[in-house]
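Working notes, beginning with the structure itself.
Order as written gives the chain letters A, B, C and D; numbering starts at 1 within each chain.
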Amino acid sequence: MSIAGIYPPIATPFDADGDVDYPALRANAARWMTTPLRGLVVLGSNGEAAFVGDDEAERIVGEVRALVPRDRLVIAGTGRDATRATIDACRRAARVGADYALVRVPMAFKAQLTADALLRHYRAVADASPIPVLLYDFPQSFGLTLPLPVIVSLAGHPNVAGMKESSGDVAQIADQVSSTPDRFEVVVGSAPTLYASLCVGAIGGVVAVANVVPEVCVRLYELTRAGRHDDALAVQRRLTPLARAVTATYGVPGLKAAMSIAGYRGGLPRAPLAPCPPAVEAELRAMIDALLRD
Amino acid sequence: MSIAGIYPPIATPFDADGDVDYPALRANAARWMTTPLRGLVVLGSNGEAAFVGDDEAERIVGEVRALVPRDRLVIAGTGRDATRATIDACRRAARVGADYALVRVPMAFKAQLTADALLRHYRAVADASPIPVLLYDFPQSFGLTLPLPVIVSLAGHPNVAGMKESSGDVAQIADQVSSTPDRFEVVVGSAPTLYASLCVGAIGGVVAVANVVPEVCVRLYELTRAGRHDDALAVQRRLTPLARAVTATYGVPGLKAAMSIAGYRGGLPRAPLAPCPPAVEAELRAMIDALLRD
Amino acid sequence: MSIAGIYPPIATPFDADGDVDYPALRANAARWMTTPLRGLVVLGSNGEAAFVGDDEAERIVGEVRALVPRDRLVIAGTGRDATRATIDACRRAARVGADYALVRVPMAFKAQLTADALLRHYRAVADASPIPVLLYDFPQSFGLTLPLPVIVSLAGHPNVAGMKESSGDVAQIADQVSSTPDRFEVVVGSAPTLYASLCVGAIGGVVAVANVVPEVCVRLYELTRAGRHDDALAVQRRLTPLARAVTATYGVPGLKAAMSIAGYRGGLPRAPLAPCPPAVEAELRAMIDALLRD
Amino acid sequence: MSIAGIYPPIATPFDADGDVDYPALRANAARWMTTPLRGLVVLGSNGEAAFVGDDEAERIVGEVRALVPRDRLVIAGTGRDATRATIDACRRAARVGADYALVRVPMAFKAQLTADALLRHYRAVADASPIPVLLYDFPQSFGLTLPLPVIVSLAGHPNVAGMKESSGDVAQIADQVSSTPDRFEVVVGSAPTLYASLCVGAIGGVVAVANVVPEVCVRLYELTRAGRHDDALAVQRRLTPLARAVTATYGVPGLKAAMSIAGYRGGLPRAPLAPCPPAVEAELRAMIDALLRD
C-alpha cells in the first residue's frame, strides 16, 4: 500500500472550556471525506498534540477513524520524548484503528540524541508498533534534524514505511528520496514547497492548508502528477500566501480561523495559544476568497 | 521565606525495566538530607521530567517530600506545554507536599509565544497554583528565552516567588536581579557560573553537580557569602570540570554514573538515553577523586 | 538582455607563494569558453573574494573579460561591507569590462542592518554603479537574509537587474520570482536545488560545480527548459553528490582539487584555507569519473 | 609587561563626506589621555574597521599613537580574513607604533576553519608580526567561536600575549584564565559582564562604553581589584544600561551619539550605518546624565 496523496494534519477543535469539541471534530472529518483527500493525519503538530493528554489522544483518533472509510488512511501522531511512551502511544493508536503511526523526533536531551540514540529509539518503536511507522522530521519545530544516514538505515526496517519531511528543504527531500528504496515513501510537510517537492520525488503532502482548501491542494498534486508543470506552478503560487498565513505567520490560531471561514469548525486553540484577532480573520477571509475565486 | 541556598535538581533513578526505582530515590533523598543542602528540586530537566508521566510525577514528589523535613524545601517541576496541564501539575505537586512549583517555559508553538502569551500563561498558572511559582528559563534546552520585561511583570504577582535561570548568561542574571524587587529571588541553574552569579546577586543555585558533591557546592556558596572571593573562585575552578561533565558533556547518563561513583544510586536513564560507557565512568571517577582529594 | 543560463562562480587560482596565478586563470577562462556556459561570475564567494585585495580584483576581472566574448557575460562580485567601498568596486569592475556587478549583503553590524539600511545601501550602489546590479543573498555565508520586501522594493530600481539566491530555499526563490516583475531575474546559487529552482521560476544558476563539469550543469538546465522533467531530475541526482562535495563538504579546496582533476587549473587556496588532502582528491576523482561515465 | 586595565575600543569619527575626521580623532585621543585609561584600542569592531581601508587604517593608528605616551598602550585591530593580509596589517600597525595587534577570528569560509586551520592562521600571524598578538573572540559578531583547545595551544606561542573575549560568557572567560599560563592575559570585551569577568580572572576590559564614560569604567575596575565587591557591583548596575545602549541596542551610531553628548567628537558613522535619530540621542543623554549624577 502507498501513502501517496494529500492529507491535512487536522486541527483539534477545543470549546470555550478548553475541552475537545468532539462534535466539531466529527463534522470536520465527515466533510473532509467528501473531498478527494487521501486521508487524515491526526494529532500532528498542527493538531496541538503537545496540548493533548494520552486518553484524549486515543479518543480523538478513534472518533476520526470511525468516519474515515478503510480505503482512506488515518495517520496518527504518536511521537513522545521517551521511547516507552512512544511505543505506548503507537499501541493505543493502533487499537483504535490508525493505519500508520507518525513518530516525531524526540525533543528532550538533544545533545545526547546521537545517530545511535535515534536509531535505537526508532528501531525500538518500529519493532513494537502494531502499525507501520512514518518518521517525522521538522527541525524548525523539534530543534533537531534527522540525519540522512539515520533515515537510510531506518528505511531498511520492515515496519518503517516512510517519512514526513517538514523542513521545507527541497534538496533534503531529493536526497531522502534518492537515497532510500522506493517502498520508503517521502511526503512533504511544507505547503510552499509542495510542488517543488513533488517534482523531486515526494509522493504526497501533509499540509496545514489542506484543512482549509483540500480541493486546491489535491488539484496541485494531480496537475504535477499529470506533468502539467506550468499549471501546477500557477496553483502553487496562488496557494502559497494562504499556506504561509495558516502556519508561519498566524500559526494554529490562524489555521483554526481559516477553517471556520471556509465552513469547517476550527474551534478555539488551547492556552497559551490565543484565538486570532478579528483583523487577522478579515485578512484570512480575503485570502481565501481570492484563492477560491480565481 | 527565602529560597536562598543550594539544591540539586535530583536525578530520577530507573531500573533495568525502565520503571522508577523508588528505593533508590528514597535512599538518595535520605542521604542528601545529611548534607547542608537547602532542599531538593524534583523533576527538573535533569530529573528526566520529559520522560515521566503525570501519575509517576505525583508519586515521585510525594516520596521525596516524605523524606525532606519541613524546614527544608521541595521544589517540584510542574511546567507543561499547555496552561491547563501545567495548572493540573501544580495542584498535584501541592497535594503531595511540594513547597514551590518550578514552571518551565512552554516549548510548543514558539512562534506564537509572544510576551503576551507568556504573561497569560504564567499568570493563569500563578493564579491557580496552591503553592508559589518559580519561573524557569533555560533557552538552550527550551528553545525560547523568557524576556526580561515578562519577568519584571511577573515579579509583581503575589504568587510568583522567583526564578531559576539556567542560560549561564551572568549579565542576564544581573539584570533579572537588579530589575525586580528583593522578594523575587533568582537562583542560577548553571554550575560553571555559580560563583559569578552569586557575585551579581543570585540568591542560590540549582546545579546538577550538587547531586554528586553537594558539600562542595554548598562550600562555594558559603565562601562567596562570607566575602572570601579568592577561596570561592578556587572552589569554582575545581568544581567546573565535573560540573561540565555531568551536564553539557555527558548529560543525564553522566550525572547518574557520577552519582553512583559518589555513593548515591543513580540508576539507569530512560531510553532513548543510554547509560554511560565504561570509559566515561572511569573519567568521571578520576574527576571526582581529584575534586574530593584536593 | 537576460542573464538566463548557467555560470560558474569561478575559482581564483593561487600559486605556491600565495600570488594570483594569472596564467592558470586565463587557461581556465579560455577553456570554459569552449563550453555552452552563458558567462562567468568572477570573485564571488567561491572566488575567494574575501582574500583578494582591490587592486588584485580589478586585474582579475580585466583578465577574464579579455577572454570572454561580448555576447557572453562577465559578472563581477563587488560587494563590500561599506557602501562607499562597494560603489568603488562597482566602478572599477565596470572600467575593466564587467557586464554586471554582483553585490553581496553587507556583513558588518548586522543588528543595524534593518530593511531601511539595506535599501539605502543597495539604492546608493545601484544609483552610482555604471553597470547593472545583481543582489546577492546567501544567509548561511553572510549571516543575514535579504528580506523579501527589500527585494521587491529594489526590483523597481532601473539599475537593479536581478539577484542570486544561494540559500537553497526553493520556496524563497519561488516567492522572489512571483513577487517581482519579469525583468527582475533570479538565478539560483545552490546546485543541489538547481532543477527545483528552475521549476519554480529561476532563470538560471551560478553553481560552483559548473567550474568542474559545466556541460552537465548546462544539460540539466536545457532539459528543464525543454520540459523533460524526468531526464532533468535524473541529471540532478547524478550531479548532486559532486556539487555537495565541492561546496558544503570540502569547500573551495575541494572545488580547486576537482577542477584540477577535470583538466582545469584549480591552483592552491589562500591561507587560512589549506589544500585538500590526497584522500579527498581520490574521492573527488571517483565522483567525477562516475558522473562523466554515466 | 601587562595589559591590565581598561581600554575603549575607540570609535572612528567620519565627516559628512564619509572621510575620516582626523581632527576629531585627535581631539578624542588627547582627551582620553587625561583619564586613567590604560590605553586605546584602535580599529576594533566599534572602530568600524570593516569600513576602513588599509591605508586609512595605517594613518589612523599612527595619528593615535602620536598622542598616546609610551607608558600607555595602543592596541591595533589587524585581523583580516586572509592570513597574508592579516600579517601585512600587523606589520603596518607596528611600523606606525602600535604596541599590540588585536587579531580577530577570520570570518570567511567558516566551515573550513577547523581547529587546525585556526592554529595555522594564528601561528603564521604570530610568527610574522613584529608586535605581540592578542587573539580576539566575538562569536556573535564573527560567527565562529575560538575553541578553548586552540586558545590553550596558542597561549604557548611566545608572541601571543593574551586575548580579548567579547562573548559575554563568563564561564568561558573563567576557563580561558584557568587553562592558560599567567603570562597569557584575558581581557573582557563585554561591559555588562565587566565586574563578573574581573571576579573570575580577567585582567581588564575593552568596552565600548569606555569611549563615553572612561572614568566610571576605571572606577569599577579599581573597586574590584581592591576587593570592594559591593561597591563594584553597584557601579556595574549603574553602568550596564548605557553600556547596552551603545552596543547591542543602538550600535555604533548610538556610541557616536553618546560620545558627542559626553563631550567627545563621535562624528558620523559610514554608510550603510546611519546616524542616530534625535529621539535616541535624547534617551542617551538622559542615561548619561543619570549615570554621572549618581
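Assume a residue touches a chain if its C-beta (ideal position, glycine included) is under 8 Å from a C-beta of that chain, and two chains touch if they have at least 3 such contacts.
Just so it is clear, the structure is predicted and the values come from calculations on it, not from any experiment.
J.: If you check the contacts of chain C and chain D, which chains show up for both?
T.: none
J.: Between chain A and chain B, two touching copies, which fits better, same or different residues at the interface, with half of the numbers shared as the threshold?
T.: Result for this pair: same.
J.: Determine the centre-to-centre distance between chain A and chain B, using the mean Cα coordinates as centres, and give it in whole Å.
T.: Centre separation, chain A to chain B: 35 Å.
J.: Between chain A and chain D, what is the gap in Å from one C-alpha centre to the other?
T.: The separation of the two C-alpha centroids amounts to 50 Å.
J.: Centroid from C-alpha atoms only, then distance chain B to chain C, rounded to Å. What do you get?
T.: 50
J.: By residue number and range, which residues of chain C touch two or more other chains?
T.: Answer for chain C, listing residues that touch two or more other chains: there are none.
J.: Inside the complex, what are the residues of chain C that reach chain A?
T.: Residues 168-171, 174-175, 178, 190, 192-193, 195-196, 199-201, 227, 229, 233, 236-237, 240.
J.: Flag every residue of chain B that touches chain A in the complex, lowest number first.
T.: Where chain B meets chain A, its residues are 18, 45, 48, 50-51, 53, 81-85, 106-109, 111-113, 116-118, 120-121, 124, 143, 248, 251-253, 270-274.
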